[in-house]
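Here come two complexes built around chain A, the first alongside chain B, the second alongside chain C.
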Partner chain A sequence: MISIDRRIIFLLIALATLLPLLHPFGLPIKVSPEVQVIYDYIENLPEGSVFLLSFDFDPSSKPELEPQAIALLRHAFRKNLRVIGMTHWLPGTALADSIFSRVAAETGKKPGKDYVFLGWSPGAGSLIISMGQDLYKAFPTDYYKNPTKGMPVLEGVRNLRDVNYLISLAAGSAGIEMWYVFGKDKYRFEMGGGSTGVIAPGLYPFLRSGQINGLIGGLQGAAEYETLIARNGTAIAGMDAQSATHMVIIILVLLCNLFYFILRNEKEGPM
Partner chain B sequence: MSGQLPTAMVLGAWVATGLTLLIFSFLYKDNPLFKVGEHLYVGVSVGYSVVLTYYTVFNRLLSVPLSKEIAEKPMAPGSYVLLIPALLGLLMWARFFPKIAWLSRISFAFVVGFGSGVAIPRTISSYILKQIEDTVNPLITLLNGGLSFSMNFAVPQSGINTIILVIGVTSVLFYFFFSIEHTGPANAVARTGIFFLMIAFGAAFGYTVMSRMSLLIGRFDDLIAYSSKDFGYPTIILLGLIIFGLWYWQRHNIDKPEGNS
Partner chain C sequence: MIFFRRQLPLIITFLMGAMFALQYYIPHPVSEGAITAVSNWMQIITGFAMILGIASLFHVHFLKIKRQVPGWGYSLILYLGMIITMIVGFASHGDTTIDGGQTMFGWIYDYTMVPLQATMFSILAFFIASAAYRAFRARSREAAVLLSAAVVVMMGRVPLGQFLLPFTWDITQWLLNVVNSAVRRAILIGVSMGAVALSIKIILGIERSYLGGGKDH
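And then the complex of A and B:
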């Protein structure tokens, strides 16, 4: 039996990640239909439409979902949409606020006028139902304790029925499925999703059935969205490293299988 | 150059780099430096959650509106309605006192009853009915005045994809049907189910690998950014310190008599 120190594999993966980050080779990025749908939907929203972005993740999923959030916010602000931000994940509140404020400052948008970050509130499914009944009872104040009632950005918004498009960027539950089950299914707004790679395969049945209209999956999805808005970010920069590590893993899997069959034949040979 | 960056940002870079490298040290082997990083992560997460929960739930949703309502309309019974959830919340704490622990059942009964009532119909509608509806798509569609059967794999609702979906769903369901022995034709159906399951597991595993690599790329991105002069070279300095720490710990650990490590 052949065995190698697992640290050699770690080293190979580290090199495959590090080298393309230091010297990118610029592999082409093909946009998938499920990402294109989200882009097209936002692109076709009239100016001043209400776009709710739910940051349903915490810092442990930052590398995958932060680039998605930044790309979506840049697109929404460029389209002059009224953006509402919130999170169902308590540990992700400060991260969500930091992303929101950073992109808003970069695009010259004003809090309360162009966007509002509502922060976190407990309840998950119950909170969505509460928002569907009365947004101001669910969130009497925003993250900075400003009263939500009377905010210019929320003018004409009473509840979730007044939201034109919603995207949940999810790393698990509470996330996309919860927004569909307690939100879209009941209050009839259109929604899409962005997710980590781990949970993306489980969301494809929802995409197929039209329960969500689009899906941005992992860093690859974020890179596709960055390509669509023509603003290179960390996702595009990371895709070369992603491809290189995948190549190393494929080669390792092939080699392991090759050695497995060679050794098995050698073992069976003398018998 | 480093003077141009705010101190908080430079300090943040040093903390983030240090914690990342402490956690990465586990790749060598389990060691005290990793334990420090792990415990700090758990402690900070819990501390942050407790503080934010206090300010959001207790202050924003209970204390402030309750005192405001009582101050404005002290005689109106509606002003005191928030005391009901507050009382239910307090009863949860009764679990810590064995003599009155039974009181917590009132709160749990409320949570379970409300939760089930809200979740069951919505879950059946979204997860079962809607998914069944999508599984039984029509094979043939009426297009431009004529019947058509689409062979386009790229269109989820095409006829060919509908056939694959129906075969997949029925064979996988049959694989988990243990009331009859899987022999003969039943074996063929069950084995087809296994193929579909393997493809699903493969796709899930592929996505998981992609996801984990993305996390690694994210950390490496930061480590590269923080290796610059602007931040005071935290990556290089802390990497050196951690390698030295591991070397020292390893040496110390080997020198110790067996059983004391």
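And then the complex of A and C:
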């Protein structure tokens, strides 16, 4: 029994993922303080404030970070913030653009006026320094090759010092740490982070020290943000599946340990 | 020639390293202008580094195909994938959409790259579950502590777990914010101290492995 066929485990995981997606049980989502802080900060930004969202991920992290991006964009557009989008991850550029365009179209926001997607540029850390010195030298044009200088959305924005709030949605490096080291520390803007579940625990020291003011971790974080903006999306839908798979893994691990102890006791036997 | 291979890179490293370590503390326009110029250079150099990386990838896989080493078929697929994507990318001028319509390059991105990457990551869930069943055993006290913490965090991070055992939410928050943060911080400080020490050694020319291993080393 301890050496259960792994195809049975695969089948159990597949069922635990699929069944809740087909028949969701919709348990309430509890909001953690680290997600609440980000929501409150955006909620309290005055209309027209500059919000920079850095899509630092590629399609492999889409299921976790796309819902975060959508929820944040919906909130920012609802608050009539001026949104700047960009990415440090070249393979994620088209994905970021499609998320931006979709949410902007849904909320009736216009490119160049209400938001701008700058796309990707090489350099990572040096790109951040360059943006901190002069945004227009770092990005002379946006993703669609329109000149950034003179865009209404960037009125009064010279460099990163003019950004009111920045969130990096990161799946690794380049991401939150780099934005802090090369950006926030020198150019003094407030920033928060969103990340995949697997790297979120590694970001808690930055959260506790105040280097980032909030953290949206994984699909759970995205579901919490969707709850806060009262707009159900794929994260809330996915949480039932994640709940069920977690439970299957926990039961399997507990069973494995039960068999392990039974076998160990049998081996040791009565002396 | 030895001057260009050894002394000159060491001099440049020392000057640039010392200058830009100090630059951080000097908010003068001249100093700011210098960091702007150098960060622009770095962006250009990074761009060239990508070309170098692509060339190196082509070279490595060309040799594998030429020598027909085991698994050379994968190298062939990589070659074809890269060449087709590059041709389509150049033909589409690097655009994934034009006037809201999808280009061929966008089609390749949406219907090959996105699902392939998503699949690679999705199957991890199956392997993790299988590995957890086989390996996550309380063989020692330390393993038992790790196992208990993992079970509590897995329960506390999902609505079903919070519903069945509400206390796991608070324990999870405490584990993440206190225990995890303390340990991670210790690791981060250690790594950062190491990075500072290594940087000083590079700036002072004590650590020279980045120069490569030529005859004169």
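Everything below uses one rule, namely that the second predicted complex is superposed on the first by the 267 of 271 C-alpha atoms of A that agree within 3 Å, B and C clash if a C-alpha of one lies under 4 Å from a C-alpha of the other, contacts with A are read in each partner's own complex, and residues count from 1 in each chain.
Heads up, the rule we're going with is that a contact is a pair of C-beta atoms (placed from the backbone, for glycine too) under 8 Å apart; a residue touches a chain by one contact, two chains touch by 3 or more.
All figures in this text were calculated on a predicted structure; none of them were measured in a lab.
**Q** For A:T141, decide between first (touching chain B), second (touching chain C), both and neither.
**A** So A:T141 only meets chain B here.
**Q** So, A:P28: does it touch chain B (first), chain C (second), both, or neither?
**A** A:P28 contacts chain C only, not chain B.
**Q** Which partner does A:S126 contact after superposing on A: first (chain B), second (chain C), both, neither?
**A** Touch status of A:S126: both partners.
**Q** Just chain B (first), just chain C (second), both, or neither: which does A:I249 touch?
**A** A:I249 sits against chain B and chain C alike.
**Q** Now for A:G238: first (chain B), second (chain C), both, or neither, which partner does it touch?
**A** First partner only.
**Q** One more residue to check, A:K186. First (chain B), second (chain C), both or neither?
**A** A:K186: touches chain B and chain C.
**Q** Report for A:L258: first if it touches chain B alone, second if chain C alone, otherwise both or neither.
**A** In the superposition, A:L258 touches no partner, neither chain B nor chain C.
**Q** First (chain B), second (chain C), both or neither: which does A:D97 touch?
**A** A:D97 sits against chain C, while chain B stays out of touch.
**Q** With the two complexes superposed on chain A, say which partner A:R208 touches: chain B (first), chain C (second), both, or neither.
**A** It touches chain B and chain C both.
**Q** Kindly list the residues of chain A that each of chain B and chain C touches, one partner per complex.
**A** Touching chain B in the first complex and chain C in the second, residues 10, 13, 17, 33, 60-63, 91, 93-94, 121-122, 126, 129, 186, 197, 201-202, 205, 207-209, 218, 220, 242, 245-246, 249 of chain A appear in both lists.
**Q** Going by the contact rule at the top, pick out the chain A residues touching chain C in the complex.
**A** Going by the criterion above, the answer is residues 4, 6, 9-10, 12-14, 17, 27-30, 32-33, 58-63, 91, 93-95, 97-98, 101, 121-124, 126-127, 129-130, 133-134, 137-138, 186, 197, 201-202, 204-205, 207-209, 218, 220, 239-240, 242-250, 252-257, 260.
**Q** Taking the touch rule as given, give the residues of chain B at its contact with chain A in the complex, in rising order.
**A** So the residues of chain B touching chain A come out as 27-28, 45, 48-49, 52-53, 56-57, 60-61, 65, 114, 118-119, 122-123, 125-127, 130-131, 133-134, 154, 156, 200, 203-204, 207-211, 213-221, 224.
**Q** Which positions of chain C touch chain A when the two form their complex?
**A** 24, 32, 35-36, 38-40, 42-43, 46-47, 50, 96-97, 106, 109-110, 113-114, 117-118, 120-122, 125-126, 128-130, 132-134, 136-138, 147, 150-151, 154-155, 157-163, 169, 173, 176-177, 180-181, 184-185, 188
**Q** Under the stated contact criterion, what part of chain A meets chain B in this complex?
**A** These residues of chain A touch chain B: 7, 10, 13, 17-18, 21-22, 33, 60-64, 90-91, 93-94, 119-122, 125-126, 129, 140-141, 145, 177, 180-182, 185-186, 196-198, 200-202, 205, 207-211, 217-220, 234, 237-238, 241-242, 245-246, 249.
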